[in-house]
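Look at the two complexes coming up: chain A is in both, with chain B in one and chain C in the other.
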Partner chain A sequence: MSEMKYHNNFLKEVEERVEEGHMVKMCMQCGVCSGSCPFGPHWAHPPQELFMMIRAGKREEVLSSDSMWMCTSCYQCIVRCPRKLPITHIMHGLAYLAKREGLAPKGQPTAEFGQMFWDNLTKDGRVNELKLSLSLYFKDGFGQGVKNAMAMQSVGMGLMKAGRLNPMEILGGHKIKDKSGFHAMLKKAREIEDARRKLA
Partner chain B sequence: MANKTYSFYPGCSSQNKASSSNYLVSTNSMCQKLGITLNEVPDWNCCGASIGYGGGGELPRIVLSARNLALSEQHNAGQDMVATCAACWLASREAKERLDHSPQMKADANEALKEAGLEYKGQAQARHMVEVLIEDIGYDALKAGVKKPLQGVKFAGYVGCQTNRPFGIAGESFENPLYLDNLVEAMGGEAVKSYDQKVTCCGGALAFSEPEKSQKQIKDIIESAYDHGADMIVTPCPLCQANVEIYQGEVNKRYGTKFNIPVTYYSQLITVAYGGTAAEAGLNGHVVAPAKLAEIAGK
Partner chain C sequence: MTEVVATNQTILVVGGGISGMTAALEAAECGKDVVLVEKNPVLGGRVSQLYRYFPKMCHPVCGLEINQRRTKMNPRIRVLTMAEVTGISGQKGDYTATVKISPRYVNENCTACGECAKAAETDIDDAFNYNLGKVKAAFLPHKMAYPQRYVVAPSVVGTPEGDKIKAACKYGAIDFGMQEETLQLKAGAIVWATGWKPYDAAKIQPYGYDRFSNVITNVEFERLADPHGPTGGKILRPSDGKEAKNVAFIQCAGSRDENHLRHCSRFCCTASLKQTQYVREKFGDEAQSTVYYIDIRAIDRFEDFYAKVRADQSVKFVKSKVAKIVQDEKTGDVVLHGVDTEGYHRYANTHDLVVLAVGMDPEVQGAQVPAEVAADASGFLVSGDANGGIFGAGCATNALDVNRAVQSATASALRAIQVINKVASVEG
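And now, the complex of A and B:
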């Protein structure tokens, strides 16, 4: 649907549908962001390249890239960009659009962790760290989960001894009081955003 | 001493038995010693952290912070909302900037907040505890209250990302912020000024989801602390603290290193220097025990 509407004008689509997407056109391709990014070496397409690809209309390639998911929100690029692009937010916005359009790479670990984190926090209003780590370890099925959990066992035990991981959290854990108002608020926010960004 | 009152947003990781609960313990002790009163924002919620975008998008994520700010305005009127977690502070401040800058965003957020019976007006400031210390109290006043100087202890001040970028602390540079070093010195400790991994990213949430890539960051951060002769690392960020402390065993396995260096919070340093006990400073909450601090606290 969206592709029809934008007639292959991916830049226009990004401007309308991506967080801070209207700033992409300000990029002058200097490469400072790509050179500053701590995860640069692991990316197929660092920010500068993604912005070039957006202008070139490479919709599939951009949205199916796993590069946006590698952004740790370290803001190194933002403070150095000579054109003041909010690069971090554009990266997040592209990742989110990719996900909503079903184009995010399947099984991308940070994409999956991001969704788990959101589900975890929106359920009770606060993050339950134990359930969060368990869902991460078990995301690839039970067998792999046991393996992952064993690999991290020493980390978990160390935290527990230091009083910084609570095994009882599995039974409840921290919550806000006004859960119903909180849920209604988030539902409304999502409706408004989906309508504005034409997200189905 | 100071008698100042703030609205307080502690954040998920500082809750009882959560990963930075000792940050909260030491913050409470520090504030008590400095005459700072903290009024917790009633029923505060998670800020969404740096990874919330993946599931939440833009408006739902911003609304999370708008709710906290609205609650703060309503219940702790006239007080700045102070966070101790870097991500909480950043999310709140970023949301505030967007909401105050865009009438559309503010109207949308308020439409959502109405569902929870709240309204964002934009009256509360979003600040970090470090700003309170250096802007509202000041290094000289902080120094004046020291009872047990942290003499002979060398600290590598690891600032990390989010208390430094994109907002940072007023008057500091992004590449070489000095406030942690200044705080260390105000407490009578020795700041390792040549520490060159001050603002390196620890990998953030990727330490969890993609350890192969992020452990290299952690290794660089620790290695440089050792190379420059630090006894311990000190940081203002709970995620930095957790990532750099708890994965040392994993990093050792991967790189054959023998790292075993404590990673502390500025609030622990101040608590100890102000005469607090090891328990008041949350020194029992570490995977790698900060022995030299405990020694001073025990004197």
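And now, the complex of A and C:
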């Protein structure tokens, strides 16, 4: 434990760099969020513990935790929190900070899928569901990808029959009209957010 | 028709609980005329429904008896029961209050012999025991009732049962001719001491007070422990009447919660500590109490009491706000789910009975007081010049324990006396 690094200004950092992070200090450690979380038993750290770790300045431990990536946004914690902390939002904010700082756990499925979704969406301004599914199936290599695709075959066929999945999307797919304008907007939005959150 | 003599030199005290009684007595014993108005058929309020006081574990009936005697002996206090103040007009030094008096159907001839109750057949909810039991339609609210006079429920008026009740009374005390009355009373100052009510536990959805029979409130637990309560002082759980030796206490049930009561109700921590000692008293070494808490707020000298309870082997403390309660339909046992703060351990603990330490809600919200008075976000009265000659007392002003409520009542009596003295100096 002697190598553990404490950053006494980590709470300040969270207040500045995480959306609604200023509410972390309002936590009174009652634990009703942790007890109410349907995913609770499967996390490294329940929200209440994560908030205490933030205050204790355990920066690396917090940002490399898998907890915030496990949040399913059910909002049970927000509903029950006696101090009305926006716990779900803080979880997502912490996950984003962790990713930008390169501390998110490697190979965390939610993190990986999030990146895939973002790349897929921002490329042409539309989500190409066929390509998104394929990139998810094949993320762990070709062999596993074929297995995944075979397992999901009937679902894919059903979607195709119902007209919900177009196989021709593999050839480029549909796009928005002003792609360059869309990319310029995203770039600007990111600049603004990065400046505000000191993420650049 | 009820005759009441009241002038601009009279102090009107609204609410006959421990605070209202105290304010009325303090003012009357200083030589002021007092009208004490109480909504229920008897004085004493919620204090009379307690089994014991903290921290000395003495019986509230003791102090209540003294206050009742002081009230009875003092000719300056006029007590109106089953009476509600519905309107207040005028200003400091010159108020007129409208008081609605509901019929009791029993007059002052009553000797409390109890023959009417024997003649009654219908059972009605026993409000004194928080509806945990039943009483006959002709009843004495509780053993130490003041005034010591029976009440007949309106539901039997004009029925053959009502006739039987009337016939059973040897003293001509049953009077079905009584009607609802409305009086106009003068007063120079008003002490508003309408007290508190337990927060509606059914609103705390994950605790299932409205779904699970073995989830009860702290005020109901007082009645279970009291020898004059519905179980004769045995701690029996509602689902199957089994002795509840393993009892969980959940603190901040509603209090300190933005979704329920914003304030800390102050008394509930010490009250639960006290109630663990009821379990200890009834079951000895077999007793098991577990207190689930955010932090124990045993204010000032109650710290000693906390330390004493903490040393009791039968009492465990779990630092955690319980997330959810489930009652096993077959066994009736209740399971508490949550994560503790000392190590973040996930638990699912089984208990015989759960007691929710519900907080204090003002019995009458500030906005419902029929006069211009200032109140805070929780509905408690706030003192200030804008209130004129109306002074809040006791739990109408804040979540207080009995000791602090009495202090508050004495203070309000002094303020009311000052107003009356001013009126007297002008009127001569």
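Rule of thumb we're sticking to: the second predicted complex is superposed on the first by the 189 of 200 C-alpha atoms of A that agree within 3 Å, B and C clash if a C-alpha of one lies under 4 Å from a C-alpha of the other, contacts with A are read in each partner's own complex, and residues count from 1 in each chain.
One rule holds in what follows: a contact is a pair of C-beta atoms (placed from the backbone, for glycine too) under 8 Å apart; a residue touches a chain by one contact, two chains touch by 3 or more.
Source: prediction; values computed, not measured.
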{"item": "Touching partner for A:32 - first (chain B), second (chain C), both, neither", "value": "second"}
{"item": "Which of chain B and chain C A:65 touches, first, second, both or neither", "value": "neither"}
{"item": "Partner chain in contact with A:125 - chain B first, chain C second, else both or neither", "value": "first"}
{"item": "Per-residue touch tally on chain A - higher for chain B or for chain C", "value": "B"}
{"item": "Partner chain(s) touched by A:109 [first = chain B, second = chain C, both, neither]", "value": "first"}
{"item": "Partner chain(s) touched by A:73 [first = chain B, second = chain C, both, neither]", "value": "first"}
{"item": "Set intersection of chain A contacts, chain C complex versus chain B complex", "value": "79"}
{"item": "Residues of chain B that touch chain A when the two form their complex", "value": "12-13, 15-22, 43-46, 48-60, 63-64, 67, 108-109, 111-118, 161-162, 165-166, 174, 200-201, 203-206, 208-210, 213-214, 217, 246-247, 249-250, 284-287"}
{"item": "Chain C contact footprint on chain A (complex, rising order)", "value": "28-32, 34-36, 40-41, 45-46, 48-49, 79-84"}
{"item": "Chain C to chain A touching residues, read off their complex", "value": "206, 252, 256-260, 294-295, 319-324, 337-341, 344, 346"}
{"item": "Chain B-facing residues of chain A, complex", "value": "19, 38-39, 42, 69-70, 72-76, 78-79, 88, 92-93, 95-96, 99-100, 109-119, 121-122, 125-127, 129, 133, 136, 152, 154-155, 158-159, 161-166, 168-169, 174, 176-178, 181-182, 184-190, 192-193, 196-197, 199"}
